């Protein structure tokens, strides 16, 4: 019997290398995990709408078109994930990350958050809905290894 | 045949009087709307967990207990809402608001956002999932009046 | 034990008086039916978006804003309906009507269509998903009377 | 870990080669996409019911039988799609296309519409439920490429 | 706090007075139960389709139209029931009763069957999905009284 | 891109060779179909409960145990089917077949019935919920071939 | 606009007066709560099956019949609850209580547990799924008061 | 056509070798079954939370963290199972097992229980929701063999 594949969606912050750290850890441990994530190329993510569907004079609709196209990807991947990891970094509003966490919670996904302690109070509702609150990406890898192989 | 009651959940910012403005508008128009909302007394909302269930030495668990009890209220009301309005104010992280918006979107609620233009770019994913993006609470009341009575 | 209320959503064509005919029939028969429908004031329906949320230079976004606000009403009412009646008239594209019929079918509503015979071939997929295909609004009233009271 | 397969259902107009354009684009880009679609042989689609299940004297039932058998295919493929693209062409009523769009929306699929600008007003409710509104099939391929590979 | 109303759908056999026996028992016990049922006037049930929607030459379509209109009623009532009672009598095929039982089981309703012992073997799959197998309608009333009031 | 596999569950009558006819047709046409079915060994199906879990003195419980174990199989296969075919033969009550049809309908499966014309009136509700009513198993194969390959 | 009614199901231990304490607290606070619960008369609960449906020689089936009839009540009430409180007392296995908690969690109910500290380790999975872990029934009332009125 | 894989989750008691017995039986019979289970290393299961996420002074939160991480595994595997087997052993409270059974029942899984006769009365509600009640693990293997291959 072949091993099951675990689908893990890595949402949130796109300005540090936390996804690479998790990917390296997953590969090193040889875990049967398919990691997915939103497009992390910031300009592409911002401009994909007008780039593909044509320009807009008004910034709001420029953003609106881009958000629609990004949602084709993110909504599809988030819905089929077993586990959703949401990273909150130190900068920006990151409402997008919290929005993804809310979707994950309502869809009944296993939710894991990843953020520094300083955000604990602001994220208390999100953390309450999560099965684990991590500080470092290595902890996420360890959780996956434990969840999949039972190895601490 | 009696009129149907519309359940409208007002999520998000708790430091301005936007809920009162909507409530006054709803009452003035005589709309059959039941407005619900999270507990807006900030200290009560922060401390309800330890107040009812006993103190915690660690702040994280203090918050965790409070978030659980608030969720008894918010999750129940959000799930039964027809319309969810989420307000993003000018201060604080407000991840909670974005988290509620994510839940509302995943649960298939009619989502309305309410925020100043300056947040447009940061909220583009949330706004994309919304049926209307308002700047002022009076616009929310007008939408409700139109949706319920067909009156502009 | 009080009678149950039947929620019946009347979707589709807005340029003839078919809804009034059904309403009169329901009232005459004293049926416990709550009839709901989209906003049938064509200009209001077209302009509600920019009227409430502010003007748009581009017609596409003018329409987009209006469609969002109308959806607050239609989606809420359609989802809570027991029975959805969709009328296709003799003019216009009426894709909106077919779109509502598709939603009703996927949501598991009891679907009734109402249209002249000349549209039979073009509507065969929609009619196949319907529990009854009517030619005249009086037939809709008779179906409701039979379904609710068992009277032919 | 093998790549995930994206299921994309191409609904709507069957009198131009738009599906071939998308298929060529998908193949050229080497995307892991399984394209599905209704039967596009118009006479077969019209007559499959009576051909397989026996003739009918009345045209309505002739159509009804055919619509049932086509639904075995379309309903199965539409339900398992990640993305549903609906094309509205320049001729015919095309209520079938709008009906499929309504089902896709209610089932929570990522919906993309494809139609010339002249249909914008008539399709405003359908477009409002879509994540992207395309004018040319090449734009659909670009969206898929971006959604799957993150490449603009 | 007002008592909750229990919706109980009485499906199946229409040639004996078992529904009246249950209704009398419910009334005598003063239970807050809304009893619903398919149309039990056999000729009306058979002919409602052609009576309302026009005649058919072919018997199959005569039946098909009637079944559609009856489904407007039965499907709506069955879906909103808390408890579904299905009676199998001594005559006829009664596939309709078993079909309703299958729907009730798949919809997660509390299912009760009511039939003489002689049908036990033929109904073993249906009975396996039921929470109680009754021989007499009085037993159904007793179950309702126990379930609602806790009285044996 | 590999072809999708169609899961087709063949429910109902177990005393004729109709499943073999369909299987032969599917194989001959080379269709990507996985045919599944209940256990068709009548004595095994009747006695599996007591055979595995121990004897019962009372026939009702003998049957009840067997029905439970058969349901482990049938419920799992029926739920994952794309298409459910239900055959009603000329003998026996076959309530089990109608019960499976009811489950299939409520679960939103593409339902096909297969029975001689003499059962039309008794099966009118089941047939109304079906997408096709066949007389011969070869027609089922043709429908599958058309639905999968578009070939008449 | 009338207040919404909160449905609160009180599951678990039936040998102490904890439900009365909660009921008294709810009444004193004037909360719009409908409290429901399983039948708490232990002998009635054990014997309702054979009492209504006839005796069984084998104890297992005696219990099986009773459990079925109790489920008509418990399953209906649990499914419609907004909040499910599960009490674990000091005696007995109480697997029933944990089973109800599992159902409540999977159905997405707001779950509250109530048990002495000595059970903490054995109940850690159940408590993890709960929004609050109480020691005393008065705490449950306070949570309800806070959730409904926002009063600490 | 390749055989379908059956996902079978083995929940409950972790202090005897019952899972090995089932695994050996499944292998011997060559059944296409993927067996999954919670982590059965008791200390790892208890300490995984603090081991990965950092220590806690309070035992309740120590347990809470561990339960969260175990849930990433158990909830994912339980949700994707076709069949859930729950074993109740002779020692400990085993509320966890009953909690898993409750989740399985509410999620509509085919539930099988496995326990000695002495627990029959205490487990009557759980057993009522199960499709089979086994005494020995070999019976579970026989049920799987029968359900998958039709072999007694």
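Here the chain labels run A, B, C, D, E, F, G and H in written order, and each chain numbers its own residues starting at 1.
FYI, contacts are C-beta pairs under 8 Å (C-beta built on N, C-alpha and C of every residue); 3 or more make two chains touch, one makes a residue touch a chain.
The shown structure was predicted, so the numbers you read here are calculated from the model rather than taken from an experiment.
K.L.:
Write down the chain pair in A-D, A-B or G-H that repeats the interface of B-C; the criterion is over half of the contact pairs matching by residue number.
P.N.:
A-D
K.L.:
Across the interfaces E-G and A-B, which one involves more C-beta pairs in contact?
P.N.:
A-B
K.L.:
Taking the mean of the CA coordinates per chain, how far is chain B from chain G in Å?
P.N.:
Computed from C-alpha means, the inter-chain centre distance equals 30 Å.
K.L.:
If you average the Cα atoms of chain E and of chain F to get two centres, how far apart are those centres in Å?
P.N.:
Chain E and chain F have C-alpha centres separated by 24 Å.
K.L.:
Cα centroid separation between chain E and chain H, in whole Å?
P.N.:
Each chain's C-alpha centroid was found; their separation is 37 Å.
K.L.:
Give the residues of chain G touching no fewer than two other chains, as numbers and ranges.
P.N.:
Expected reply: 68, 71, 108, 133.
K.L.:
Can you tell me which positions in chain D touch chain F when the two form their complex?
P.N.:
My answer: residues 5, 7, 32-34, 36, 39-41, 44, 47-49, 51-54, 65, 68-69, 71-73, 75-76, 79-80.
K.L.:
Applying the document's contact rule, which stretches of chain D touch chain A when the two form their complex?
P.N.:
Interface residues on the chain D side: 1, 4, 6, 82-83, 108, 110, 112, 130-135, 139, 142-143, 146-148, 150, 152.
K.L.:
Which bits of chain F are touching chain E when the two form their complex?
P.N.:
Residues in contact with chain E: 59-60, 63-64, 66-68, 70-71, 88, 92-107, 119-129, 133.
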